[in-house]
Amino acid sequence: MPVLHIVNKSPYDRNSLDTCLRLARADAAILLIEDGIYAAQKNAAASDKVQHALGKHPIYALQPDLQARGINPDNMIEGISLVDYDGFVKLTTEYDKLQSWL
Amino acid sequence: MPVLHIVNKSPYDRNSLDTCLRLARADAAILLIEDGIYAAQKNAAASDKVQHALGKHPIYALQPDLQARGINPDNMIEGISLVDYDGFVKLTTEYDKLQSWL
Amino acid sequence: MKFGILVNEGPYTHQASDSAYYFAAAALRAGHEIVRVFFYHDGVNNGTRLGVPPQDDRNISARWAELAKDNDVELILCVAAAQRRGMLDADEARRAGKDADNMAPGFQISGLGQLIDAGIQADRLIVFGD
Amino acid sequence: MKFGILVNEGPYTHQASDSAYYFAAAALRAGHEIVRVFFYHDGVNNGTRLGVPPQDDRNISARWAELAKDNDVELILCVAAAQRRGMLDADEARRAGKDADNMAPGFQISGLGQLIDAGIQADRLIVFGD
Amino acid sequence: MASKRFLYINRKAPHGTVYALESLEVVLIGAAFEQDVSLAFIDDGVYQLMRNQDTTAIGSKNFSPTYKALGDYDVSKIYVEQESLETRGLSKDDLMPLTYEDEDDDWAEKDSIHIVSGAELAEIIEQQDVILNF
Amino acid sequence: MASKRFLYINRKAPHGTVYALESLEVVLIGAAFEQDVSLAFIDDGVYQLMRNQDTTAIGSKNFSPTYKALGDYDVSKIYVEQESLETRGLSKDDLMPLTYEDEDDDWAEKDSIHIVSGAELAEIIEQQDVILNF
């Protein structure tokens, strides 16, 4: 089973999302947590690359982190799935390698 | 007297050098310290923008930080001046506003 | 399923310790086992018993200790990282000739081998950090 | 010239505290005055007396305390940031009902007003952080 | 003593790290010193002012309503960089309304937030005496 | 117990933060556990392997010579991403030579560093059991 990539940094502050997208294989999934959830917002500078990545990877975002930061689900890029912490744990059981892009 | 901008992060990891260059006025100087000194290396992806910035700003790099990271002064972009900690202190007396791009 | 958790950052400054805590709680809720939470780098600072957070804020160290007690989870602080940063239990303090220690009950100090062992024992090792 | 120095990060993990120390030493060497070094955020962790760094590494807290003693420099830890992170002097520990404290001699705990005051008193305030 | 011009520069997102919260604590304490205070929000710092932040599910303190109290502390010069907003697909409507009562204008309620260009912000930076970064 | 495949991913520059040093400490301790160990250097992590690092003037520990001991600990699979090198204007010649003695080939001294493409590295990541990030 493939890799779950976890990104916890804003795509505007750090290079971690870029590196994740460069090194994630087509069968891998991506989970955005903490400040990583800013990548989920639509109509922003990073939206195009995230939209494009959705063609290759399932992308998830941690709902508690979105809510904390005031990002309305209506402003999320379509196709990104929201998970709570229970869903986060479930993802880590479904993918057998976990790669946190610290 | 103008601003001394201090950048301590690698231009490949963070956005701080980019923001510094966007917001530094023509009379301001830039000092690269800690991981910021990687911006001083020539023939690298960030070299062009640093080279271009040299047309507007004096740029300094902290020699102890270069030496620690194994960057040979021969591999530095021409026009960047090296300072030691004594020179760092002297710069902070010559510029009366200090802006650290944390 | 068996989980190992690595926490690289201290309490309050980075969200890493909070995220790890909520992940751990959710994993236990789902019936999974947590073989060990290993605290490395500034993560060792999660083990202090001297924290006095504001009344309206969470107590991160106390919360970890409670989770561990209720669910029989090992909370391990890396000894080398802890010594460097002044996080000591009574034994370490005595050995180093220090007049005080600051580790909270529920945490233990041990070697980096415990991190590798967590990787070997667990079905999934997940890392939280900066 | 009068300098104020703000240190936002703890010892060892980030270079900020090292850079601030070498800057302070050079400023004093050049005959400048340092009105105050203010430690905020994880910076308060620089004030521990319980650190046991490896023999071949620097002792960051001891080095700060020595610089302060030799040059009569104030080293202030922000009280709110320190409480949150479990960095206490004897008074704070007693007040909070804690059985131990961990602050090193040479450091003092005080309020954030001391940071603003440093900005007012100093000709230059310089910030070191992450 | 003459008052100095203090600028607090906020470039970090809230909640992922504590800097935004602890920066706000300095501003509130500093307000008692009757200096000239400005705040700048640049890069991910603009996220600090987002409406509808709710930290219930991550358990940390929701300090975002505190920004609304800044006006009561006579902190009314709040500069937000336009380019930082645009990069993040945000406009002023996405931010909390922050206001103050202008004592020189019969206590009229006025907007504290000024959206400024990079060039304007560069000039504001140059006008300061003390710049604080967290 | 069957051995697992451990991959240590290093993405941070040395000296500015302690992660590189403390990561190396884990690798050395972990070597005693006789697992299958690989190291990847990506992004600013490639700077960890630069030649001629000298920390005398910043007072911190110069741990860079320790990478040369990895071969003695049977850590000989060291992957450096080509694109990360190129972005930084570096080539293999800028890195310290890291070698090991191959016991299956009459203890011949061999190169531990493998420069790999992003695609190759992606495949290496997928082959692991445990991935450690600092």
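Order of writing sets the chain letters: A, B, C, D, E and F. Residues in each chain are counted from 1.
Quick note on the criterion: contacts are C-beta pairs under 8 Å (C-beta built on N, C-alpha and C of every residue); 3 or more make two chains touch, one makes a residue touch a chain.
Given the structure is predicted, the values throughout are model-derived calculations rather than measurements.
K.L.:
How many hops, at fewest, get you from chain E to chain F via touching chains?
P.N.:
Contact-graph shortest path, chain E to chain F, evaluates to 2.
K.L.:
Chains in contact with chain D and with chain F: which ones?
P.N.:
Touching chain D and chain F alike, sorted by label: B, C.
K.L.:
Could you tell me the least number of steps, going only between chains that touch, from chain C to chain F?
P.N.:
1
K.L.:
Which chain's C-alpha centroid is most distant from that of chain E?
P.N.:
With centres defined by C-alpha atoms, farthest from chain E sits F.
K.L.:
Can you tell me which chain pair comes out on top for contact count?
P.N.:
So the pair of chains linked by the most contacts is C-D.
K.L.:
Could you work out which chain's C-alpha centre is the most distant one from the centre of chain B?
P.N.:
C
K.L.:
Indicate whether more than half of the residue numbers at the chain C-chain D interface occur in both copies; give same if so and different if not.
P.N.:
Here the answer is same, because the shared fraction of interface numbers exceeds one half.
K.L.:
Measure off the straight-line distance from the CA centroid of chain C to the CA centroid of chain E, and report it in whole Å.
P.N.:
The separation of the two C-alpha centroids amounts to 35 Å.
K.L.:
What whole-Å value do you get for the distance between chain A and chain E if each is reduced to the mean of its CA atoms?
P.N.:
28
K.L.:
In angstrom, rounded to a whole number, how far apart do the mean CA points of chain C and chain D lie?
P.N.:
Result: the chain centres lie 26 Å from each other.
K.L.:
Indicate the residues of chain E shared as contacts by at least two other chains.
P.N.:
Residues 12, 15-16, 18, 43, 58, 60, 129, 131, 133-134 of chain E touch two or more partner chains.
K.L.:
At which residue positions does chain B touch at least two other chains?
P.N.:
8, 12-13, 15, 34-35, 64, 84, 98, 100, 102
K.L.:
Quick one: which residues in chain D touch 2 or more of the other chains?
P.N.:
Residue numbers touching two or more other chains: 8, 12-13, 15, 19, 22, 41, 54, 57, 80, 125, 127, 129.
K.L.:
How do the chains pair up in terms of touching? List each pair.
P.N.:
Contact pairs between chains: A-B, A-C, A-E, A-F, B-D, B-E, B-F, C-D, C-E, C-F, D-E, D-F.
K.L.:
Quick one: in the complex, what on chain C touches chain A?
P.N.:
Chain C reaches chain A through residues 1, 3, 8, 15-16, 19, 22-23, 25-27, 29-30, 32, 123-130.
K.L.:
In their complex, what parts of chain B are in touch with chain A?
P.N.:
Touch residues, chain B against chain A: 12-15.
K.L.:
In the complex of these two chains, what residues of chain D are touching chain C?
P.N.:
Touching chain C: residues 10-13, 41-42, 45, 48-54, 57, 61, 80, 83-88, 92-93, 96, 98, 100-102 of chain D.
K.L.:
Using the touch definition up top, name the residues of chain A that touch chain F in the complex.
P.N.:
2-3, 15-16, 19, 22-25, 28, 97-102
K.L.:
In their shared complex, at which residues does chain F touch chain A?
P.N.:
It is residues 9, 11-12, 42-43, 83, 118, 121-123, 125-126, 128-129, 131, 133-134 of chain F that touch chain A.
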